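There are structures below to look over.
In what comes next, chain A is part of two complexes: it sits with chain B in the first one and with chain C in the second one.
Up next is the complex of A and B:
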């Protein structure tokens, strides 16, 4: 074998287990999920997963692992701590992310520097235990993560329920905000495996455009930081629970989660007569 | 307490019918048993059943973080129904703390903790049934749970106990043998045959030590094959499921359900 075990032309993925030799360090460089054995100077796998090769770089992608953030990822998180000018947010990665006061929108969409008075009322925006949807803004040199919610799409979550799935299952999509029209349910697919399933609320395009054109002031987005659920009709509650279970079921078979799969699976479920469904 | 039981009879059989070098049957269940954790495994060795679950690497709660590596926390609990006498042990029990610290010191040099500075890896070990060899079974379960959680490690860690009956060494002791014989527990990195743990809590003749030490290391290699088979099979299953190659039919349903998040009755609509 030419260096890498089984990495041939065939499309079959190579699987490596912990401690297995995957390549010689003379011809290849080691990437994530591997380490160098000093004695035999070979590259060994440190996790169980698929061996991947890019030119001379060999890495092993584990089949199951915690979420590792990348800039631009959409994540759903839970506030764990309110600190000086920042919130700590649990996003299911190796450490909590920071959401700086300067990277959130003010209620009312006012565009200005954050003052001391804003700092004093941070708990009016997010409290411990609040769920929010945000984007990874930056990864600092020490590996900690900065989030931002500077979009009308982002911010506090309500009217729904959280499902936690393995982060590797969430596929990267054009948009991570899905709507299932016949379920009247919105889904926020966080790339960290946290998925928010909530009552469908029509997204007001004019508001979003107002933000884009920089008008800002005078917009009515007071609801953004509200803690109180709206009235959720019983059939919507049922479909929230149905979609949540559906997602868990797909994940329990380690099936990748994407907009198409969720939509198709729900339609399939929906095609049964409603009398046979839970509480139907 | 000297036993009337014949631990090794003239025919070379032990109390449970095994030969001297015979291991107890081992079965491994990876993942899915505990909801919400990052990785879990259940190991059954003979009548000893241990389940381990791993959380992390995650944000350290309540202090105790180090700036250049992840800290490993281990908590061991024994189920009250799992032994001969029904007894509830509290968390601070000295024996449990000892097992926990043995597990921690076994894994600290093996897990690549330097990749996760300022975070914490929590390992919870639950001994569901005790029939000797709790520490080795816990170590084996922890290895598999860490792998299931995708935490980088140097190698597998496999562990086994070995005792000696007069001059004949016995492998993988059960409860009766363990309480009556001098015995040694070793944990080995199978690829390099490096020993990460050697624990001797009884008196043993110094000339016998090397013999059973070497025997136990060799036996750990056998255990490694079993564990490797199990993890490889699961990895293959998960990878093929992710690639959409998994065919779900009724016969393979149990195997196909990799996460096991839902009970059957919850699935019925």
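Up next is the complex of A and C:
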């Protein structure tokens, strides 16, 4: 299959399996996905994937890996554990991410100071099983990830359904909050492959600030941290279901997911009469 | 050189494997999954790696490897634990665990289909019944399912299939490893009996099998090694062996000229002469090479197909 690593074959694609020799260590440096065999001094592949060569660096890119977080990524995660002053969030990567209590907006104003009572009542904010959208704040020296929700658009997710796709298909966009106007559906594209499809709620900055400030100091958790869904009409539920199926279909054919592609695909779908569509 | 034969019931060569088949990525929620079968003996493996590890299992310099095996019948007991501990040793030496410290590699294996003996005997220890509707020639009624008693140890071919399925699942998950593991089982039989079983294509075995009697077959102590033995052949075996090999070092374009094979796993049961043991190891090495070639083709096919099963799954 393909030629020797580095030379172009007619497909220009060399696939190496685990343990296959891809280059000699005298002429190349080894990158990710490879290791050095001492006896034969050749570079062997440690994963199955495509061999990539950049000048003198040879590496193997595996076809499927878990999501690896980078600072600034927007991710959708699920709370798995409530710990002392932090939550553990599953973002589909090598280890669970940590969301510190000091990295969330507390009701009562963005600048509200953390009280001791906040630490003792963390489940009023996020409980085990809650879905949230956050941004990767930092990566600690041991590889674990820290999140923050210090924006009025981040926080607990409601009124929708989760779709899990391969992380490699989500492109980095300017904004990961999409809206499909003819479907009345909001989409949050997490870079970790978790996509939230929900009822459309127009984002109003002043209203959001008002919610965040709450009704004074204290444990007013209505608004931002509410666990109650709003009323979702039948046609919106159908749209949410259709968009979810659409995303899964695009992913099953390895098509990258972006706002343009999803919008075009949904418009095409919408052009058929709604009675003939299955999956409503 | 062993070649997989065309039909499972008409294997005539002692070094022929049953038809191999595999299916990659069938479990959508796992990082990697694969099923592997020797004929109608099928094993399914699933890998989640690297994932979050419990604090008490955490190792600071490497990933923790957890192997779980579910037998076809019964609850996992001592024989299962023995097998998983042998797999633990095997994969700890093959996987590059130091690349992902403080995480967990979780490997779960289950035998999903196992052929049974067509004539159950009182001496049999490996009477596992097939889960699927097997074409039972004698029309023997299947034993009642769902025995919640202690489990039987996995047969040598079951072990080999489990190792191959795990190896494929680990390749599918993309966890770094030193090479690819392939395993094969073999049985040492009396030469006369072994020949007659294979010549008759597996149909005849318990009789004498009076075909042409060669001079070497007159000697009752002369033995023959059968690769990928069926339950009937295992029943008549003097000793049985499973060998697992780690393959690495070949060029992607060339065939196995520079391929190195290290022995990484061996379980043998029964009395065996040293020469026979070496011959068994060599036969299994050839068989494992065929299995490796088959596995590599399956991986290539999966990566080059347009919809290689990377679709989304509905979150809970």
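As a working rule, the second predicted complex is superposed on the first by the 239 of 280 C-alpha atoms of A that agree within 3 Å, B and C clash if a C-alpha of one lies under 4 Å from a C-alpha of the other, contacts with A are read in each partner's own complex, and residues count from 1 in each chain.
The rule we apply is simple: a contact is a pair of C-beta atoms (placed from the backbone, for glycine too) under 8 Å apart; a residue touches a chain by one contact, two chains touch by 3 or more.
Because the structure is a prediction, the values reported are computed rather than measured.
**Student:** Looking at the overlay on chain A, is there a clash between chain B and chain C, or do the two fit?
**Tutor:** These partners clash in the superposed model.
**Student:** Could you say whether A:35 touches chain B, chain C, both of them, or neither, answering first, second, both or neither?
**Tutor:** Both partners, chain B and chain C.
**Student:** Examine A:114 and indicate which partner it touches, taking first as chain B and second as chain C; both and neither are also allowed.
**Tutor:** In the superposition, A:114 touches no partner, neither chain B nor chain C.
**Student:** Once the shared chain is lined up, is A:63 touching chain B (first), chain C (second), both, or neither of them?
**Tutor:** both
**Student:** Once the shared chain is lined up, is A:255 touching chain B (first), chain C (second), both, or neither of them?
**Tutor:** Touch partner of A:255: chain B, not chain C.
**Student:** After superposition on the shared chain, which partner residues are touched by A:270: those of chain B (first), chain C (second), both, or neither?
**Tutor:** neither
**Student:** After superposition on the shared chain, which partner residues are touched by A:18: those of chain B (first), chain C (second), both, or neither?
**Tutor:** The answer is both, since A:18 touches chain B and chain C.
**Student:** Which chain A residues lie in the overlap of the chain B contact set and the chain C contact set?
**Tutor:** 13, 15, 17-19, 33, 35, 44, 46-50, 62-66, 90, 94-96, 142-143, 164, 166, 169, 248-249, 251-254
**Student:** Give the list of chain A residues in touch with chain C in this complex.
**Tutor:** Listed in rising order, the residues are 1-5, 13-22, 33, 35, 37, 40, 42, 44, 46-51, 62-66, 90, 94-96, 142-143, 161-166, 169, 193-195, 244, 247-249, 251-254.
**Student:** Residue numbers of chain A touching chain B in their complex, please.
**Tutor:** Spelled out, the residues of chain A in touch with chain B are 13, 15, 17-19, 33, 35, 39, 44, 46-50, 62-66, 80, 88, 90, 94-96, 142-143, 164, 166, 168-169, 242, 245, 248-249, 251-256, 269, 272, 276-278.
**Student:** For chain C, which residues count as touching chain A in their complex?
**Tutor:** Within the complex, chain C contacts chain A at residues 31-32, 50-53, 96, 99-100, 102-103, 171-180, 246-253, 258, 296, 299-300, 303-304, 306-316.
**Student:** Please give the residue numbers of chain B that touch chain A in the complex, ascending.
**Tutor:** 31-32, 36, 38-39, 56-59, 70, 112, 116-119, 147-156, 189-192, 228, 231-232, 234-239, 241-244, 246, 248, 256-262, 266-267, 269
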